[in-house]
Amino acid sequence: MHLILFLVFAGFCLGGAINLLIQSHPINSALSLIVVMVSLAVLYLLLGAEFLAAAQVIVYAGAIMVLFTFVVMLLNAGREARTMGSRAARSIGFPAVVAILAVIATVILHAQSLGVARLSDGLTNVPGQTNIELLSTVLFTKLLLPFEVTSVLILIAILGAVALARHDDTDPQGSAERTDK
Amino acid sequence: MNEINQSILTLILLVPLAGAVLVALVPDRFKLPNWIALLTALGTFGLTLHLPAHFSFAADAPRFQFEITRLWIEKPTIFYHVGVDGLSLWLVVLVGLLAPVGVVASWNAIQARRKLFYALFLVQQTAMFGVFISLDLMVYYGFWELSLVPMAILIAMYGRKDGPKAALKFFLFTFIPSAPLLVAILWLYAKTGSFDFATLRFWVASGALPAGALFWVALAFLFAFAVKVPVFPLHGWVADTFSEAPVALAMVVAGKLGLYSMLRFHIGLFPVQARAVAPVLIGLAVIGILYGACLALVQRDFWRLMAYAALSHLSLITLGIYGLTLTGWEGAVYQILNHGVVDGALFLLLGLLYDRYATSQINAYGGLAAKLPRTTTFFVIGSLAMIGLPMLNGFVGEFLILLGTFTGVSKGWAIAATLGVILGAAYMLWLVQRLFYGPESALAASKPPQDLRLGQLAVLWPLTALMLVMGVAPMLWLPTIETGARPPQLRTPNILPLVLPQSASPTSLNGEGQR
Amino acid sequence: MSSYFAQEVPLSWYLLLSAALFSLGVVGFLIKRNLITVFMSIELMLNGVNLSFVTFAQQWHAVKGQIFVFFVMMVAAAEAAVGLAIIIAVFRARATLAVDRIDLMKL
Amino acid sequence: MTILQFFLWSLLKVAVVTVVMLLGVAYTVLLERKLVGRIQNRWGPSRVGPFGLLQPLVDGAKSFLKEDIIPTGVYRPLYLLAPILALGCALISIGVVPFGAPNIGPGPLDLFEIANVNVGLLVILGVTSIGVYGIALAGWSSNNKYSLLGALRSSAQLVSYELALGLSLVGVVLRAGSLNLRVIVEQQATNGMLSWNLFGGMQFVAFFIYLMAAYAETNRSPFDLPEAESELTGGYHTEYSSMKFAMFFMAEYGNMITVGCVATLLFLGGWTNPFGNLFGTSNNILVRALFPLFWFVLKVFSFLFLYVWVRGTLPRFRYDQLMNYGWRWLMPLAILNIVATSLWLAYR
Amino acid sequence: MNPVPDIFRILPEVILTLTGVAVMLLDAALPPHWARRPLGWVAAIGTTLALWGSLGQLSLPEGTGFSGTIETSAFTVFFHVLICGVVLVALLLSLDTLPEDSHHQGEFYALMVFGAVGMCLLTGAVELLLVFIALEISSIATYVLAGYRKDTARGPEAAIKYFLLGSFATAFLLYGVALIFGATGTTQIYEIARLVPTAQNHSLILAGLGLMLVGILFKVSAAPFHVWTPDVYEGSPTPVVALMSTAPKAAAFALLLRVVYEMLPTLRSVWQPLLWVVAVLSMTVGNLAALRQQNVKRMLAYSSIAHAGYLLAAFAGLGNTGIAAASFYAAAYAAMNVGIFAVVTLVSGYDEKLPLIDDFRGLIYRSPLLGSLLIFFLVSLVGIPFTGGFFGKFYSFSAAVGGGAIWLAIIGLLNSGLAAAYYLRLALVAAQQPDAQKPVVPAHRVGIAVGAALLLAVAATLVLGIVPGDVLHAAEAAAYTLQAPSTETSAPANAVDLKMMMP
């Protein structure tokens, strides 16, 4: 069962990723990416990360990719030219990618004592504790500072997005409309 | 007096710097920058005269005098360590002497942006003093590099036609070789933990350092210095720099720094290695003498002629240095002084001509002798001194060098070098003839005659007198030089202990006191 | 519940999948010619990395790996906001999203 | 229970729930038409069947039988995908909604919920957020400026209000300490209505925000800008007809029901008795199974009623008003609510 | 266990964050037609306070806070001061050069300050998660700032290039972190350092290290990961370039130091040759490319690549020597680079009417002050003695020589000779007679703020060049705290004995 699910959704992932590369229209690429993300959410579930699975759907598929499609629609960019990248990218990039993949794959295949995936109750050893409880416990004790700091990150992102995307010459009335971009 | 001895070198360094700051601050009016620069230069010269006046010749006197040692940076250990010995003593004075000459030479030549000119000129002075008195390799390197910057900027800003290009050439030619120099210094530090001259000398002599690496280190030192001198194949920058640089800088740029550094930091630090490469340098030097002289013969531009003449003369001095004889060394150091004095005078005069007639094409001149008698006289005296006429200073230096080469190296080289000296006479006299005699040229006729003025005379008279004095009484200078060339404990004649055959045991090379 | 999912999958498979996704992202970054899809390729790379984190979290029973992914998501969201704003600004300035035409300054 | 049994049971539950849901959708439409009719002092549909009760069937038949027009300029794959996506997302989220009491059924089987997920609330939010694509893609692939504008408005609106919606739920989650919908409901079960999050849980502000955001999320009046006929001739589904149009229609009402379910679960005590144990508990298995179902449906129904009531009463907002309202009022309010709730929980 | 309240461990960051928030809120609260310039002063004051705050951290015992996620030590203080100083200079510079009517000026200052928060955190973080977030904070702030001249064609282009390549690099970094997490099961740097020697999957760590290096080297714009630098520098507003060519780079170098010297010191044999090659490549590529540039900012961009190479040369040094040299170089580089970009800003203006080298012709005649300063900073960049640039190179290369990489030092110094060519070209152009045909564009007025900025930069460059002792001490203390003293190796071990034998 686990195996089947894994194979199916891994297939979706890879298919989506490859489709992202093949498709020439941004919107199709975006949809392929959404497929990848949703399939990944299932894989997370298989790995016992149920909170992440939900977050993956909500944050990635539901928010980030919506922004992407939104921008694609807004700019109506059309198909992309098929130039297959610059010569530099072809001659250096692809061998490099192949090399990276080969190295990492070799490393992974030679890695010792890798376990097997289990749909456990979210890594927790305490009975009754859910994945999300464990996660939040660690998050708010050990990793409090990174969590707090993230607020600065979000603040910057909002500040920057507004500063960049806002038309300078419009009235303040219209600005709220674009805050969400 | 002792207190002055303690701080005189620091003063010599700081006074021009202070002058530079002052020049930068005052308004550019009433020739204020000129006056401040002149006063500073004269003051510094006065300070430098303190050195020979108080130099101790006592048998037990330390080799380096007026020494100051202060910790500057703890790690890596860099000391502000300065001092002079017989080698550097007169060079410091020479730099001091040429400073007012330079100011006078620029008095009218530099009209715009005087503040910057004089400020940088004075900074350049500091850098040169620093090179001659530093005994810590890092401090030395610092001043060595520092000397490039004002020079390059001055050439670029106040040069004649192609200033920037020449400046760039000059800078790169002299800056890039200092890269291996720095690496070599760093390597020495990594191995020994010291930048101090004496300590390093001890280390090198002790044989504790790997000989193979040491050879390359010595070569790196030599390379940097050879470019600066310049030695024959590395002279690419010299002609352009001479023909572009303002007069005040042309007279200080060539020779001294590199030659002194060879003596002090190449032969002085790496006697064995220097000995190994000496034959090559002798060969190059002789080639340089002849090559420079030949090229000087065919130049049509007097700046370029002077440049190749300088190449020829400096090669002669290099020959004296790498002959590795005491006579040769004395001659070399003496000749450095001569070269400074004579070139100073000649450049000053040529600069005046150039300012007046705005060309350096030799064939445009002619027949100036009747209109500018004083100029002509001084120029002729200078030329004769340069050629090496007996009774004038050039003779003494050249003679000592040739003698050293003849006795200490080989007769063949000496003869070849003599040939170069003869060629030198040819191009200089021909230059004089073309510039000042013969039919009056259109150019000479086009301008009303204006001979030397008081300020210029005030500079030229002492210089000329100096040529004469140095020619007839070299004994005023030579003992001092000898103490530097040969440490006081060993008054044995001829070949220096430093250049003992390699078979000698390492301990006998230790520092100063042996055999 | 877990009894239904008795058959197990080696974690290395997940890791290989993650490496593959990451590499595909890199390839996309190199070949895609539209700013938005290039950006999507980067998101793909991040997703590949996330899968690695979750897998290793399972391997070590260390929840830190999962938290890392959570943070990556947040960062990705922030990046998306800023990146898309920049893309909009580019479009306004240049009226194109083609990578090959964003070439005023040669790379 | 073997894996096969599990499958079969699940399949059965899915089938039943889907059918009920679709029926619910159909009759919600009827309910709306009737109610709006009454509000406007007319009868509404009343010809087909008694009181017009068969009207939804006729509507359905009409949709099926109409000609299915696909305009030439559309981007076909996405044009076809969009309604499926919309309807699919609307239906999926019901999968994690517990609509009846737990522990009734054979063995470990949960009869009144398709899947009990620990992060049920997040699943609903996630699925809802995916639903945006249906609308966005529909508008975009139609290749029509009205559609595109409608879709852009809609996705902007959905993304904006999703934030407020999500934040409004945080207070509830804080109180329950879980994202499991059953746990959240159980936590409100103790004293009937008094322990509902809406009243006893002091989450009335959150409920208000949720209500507002819910209207916006479902594109319902007064926030039905994406399909504002007067401006956009129908918005994102302008180019759709026949069955595909019906799918959007059903998706909208399906979403309404889901939203109603969530409101019920989170604020109104879910399937529990509003009167608590006032009337005692029965041991009859049927009573125990059906009464919660009744309460649940009743609560959802009241919520739907509210929807229609508002639609019949309020005029449509302007777009900038909508955005300002969402970002400048609801969001800060939601954040304040979170802060207040956590303080209250901490110092209670 | 830990008597220091956690808040003191992040004092500068807290101050900076509060400043940023204050600037942001004030910006929103002030009426739209009011000038935003005072906000810049608020930001500058806040940054100064943060600088003091981080100096105050010196009195804290060295240690970590927030459950071992952030560290305060001489190392972090060194870089905090450096970063705050640079941000302060950049702020002062922007104060006088941003056009008065520019939109979002308040946001500009706020972003700068928030960026500083990220950079400061980055230098203190000992938890890779925090490292990642801090890196992103500083990156996102700079991405936005890079695209601030969005009405021009180049501004957004620069931003998008920076953004895409930066995010690309971040993904690599992240993958590296993932693999290291996979090998050790933790992301805490100390724990990783403890676990790595005994870790089972050594190859996983190596792969992780490689990927992390790719990411970090991207951020410091070392070749071959440098392609973004010239374009981004050219298109970004110059005050921003002054910031982003120094402060984030310094922070990234701090991270690199931490990763290689503190996290993976046992893998020295792996990372050192890699960095060796990268250093040589960076210097050479940077200098060769800079020679051909016509645009001043592009030239300086390539030069900054070369400087990254010089700095990386210090990583060839052993233990403390290398760290101290790299830290010192970072400081020297920051001082002179921020200075020269300040001058360039003043000369070419915010809207960059004069971007080319030829436009600088006769600068010293137009504005003696700016011309002299330009030449001064160029001289420092060349590495002439008695300026910060010299000692930076000196320490860096002596560390390399001490670590046995003589060839690296030779290549580096030859490169700095090569570099002199283009620096000097600019200096000489500035020193040339102005072109009579060209209309004279008056240089920007040197106001109080910008004057203070220049003064700070000049003073820093001179102090680092003439009396580097104190800064070097600080760098050594930093090195000491970053690395356990046991791994220190003294190169001239036998030198001490022999020196005692000296007369």
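Order of writing sets the chain letters: A, B, C, D and E. Residues in each chain are counted from 1.
By definition in this document, a contact is a pair of C-beta atoms (placed from the backbone, for glycine too) under 8 Å apart; a residue touches a chain by one contact, two chains touch by 3 or more.
Just so it is clear, the model here is predicted, and its values are computed rather than measured.
Once chain E is left out, the chains joined by touching break up into A, C, D | B. The chains touching chain B as well as chain E do not exist; no chain touches both.
Using the average of C-alpha coordinates as each chain's centre, B ends up farthest from chain D.
No other pair of chains shares as many C-beta contacts as A-C.
Legend note: the chain whose CA centroid lies nearest the centroid of all displayed protein CA atoms is E. If each chain is reduced to the centroid of its CA atoms, chain D and chain E end up 53 Å from each other. Put simply, the C-alpha centre of chain B and that of chain D have 94 angstrom between them. In whole angstrom, the spacing between the mean C-alpha positions of chain A and chain D is 27. In whole angstrom, the spacing between the mean C-alpha positions of chain C and chain D is 32.
The multi-chain contact residues of chain E, meaning those touching 2 or more other chains, are 129, 133, 136, 140, 143-144, 147, 150-151, 159, 179, 182. The set of chain C residues touching two or more other chains comprises 4, 15, 22, 25, 39, 55, 59, 62, 64, 67, 71, 75, 78-79, 82, 85-87, 89. Shown for chain A are the residues in touch with two or more other chains, namely 1, 51, 55, 63, 67, 74, 104, 108, 111, 131, 143, 146, 150, 153, 156-157, 160-162, 164.
Every pair of chains in contact is given here: A-C, A-D, A-E, B-E, C-E.
Residues of chain C that touch chain A in their complex: 1-2, 4-17, 19-28, 30-34, 36-37, 39-41, 43-44, 47, 50-51, 54-55, 57-59, 61-64, 66-67, 69-71, 73-82, 84-89, 91, 97-98, 100. The touching residues of chain E, when paired with chain A in their complex, are 6, 10, 17, 20-21, 24, 32, 65-70, 103-104, 107-108, 110-111, 114-115, 117-118, 121, 127, 129-130, 133-134, 136-137, 140-141, 143-144, 147-148, 150-151, 159, 179, 182, 200-201, 203-204, 206-207, 210. Across the interface of their complex, chain A is touched by residues 3, 75, 77-78, 117-119, 122-123, 125-130, 132-133, 136-137, 139-140, 148, 151-152, 155-156, 158-160, 162, 166, 178-180, 319-320, 323-324, 327-328 of chain D. Chain contact summary for the complex, chain E toward chain B: residues 364-365, 368, 372, 375, 379, 382-386, 390, 394-395, 397-398, 401-402, 406, 409-410, 412-414, 416-418, 420-421, 424-425, 427-429, 431-432, 468-469, 472-473, 476, 491-492, 494-496, 498-499, 502-503.
Taken in their complex, chain A has these residues touching chain D: 1, 27-28, 31, 34, 38, 41, 50-51, 53-55, 57-58, 61-63, 66-67, 69-70, 73-74, 130-132, 173-174, 176-177, 179-180.
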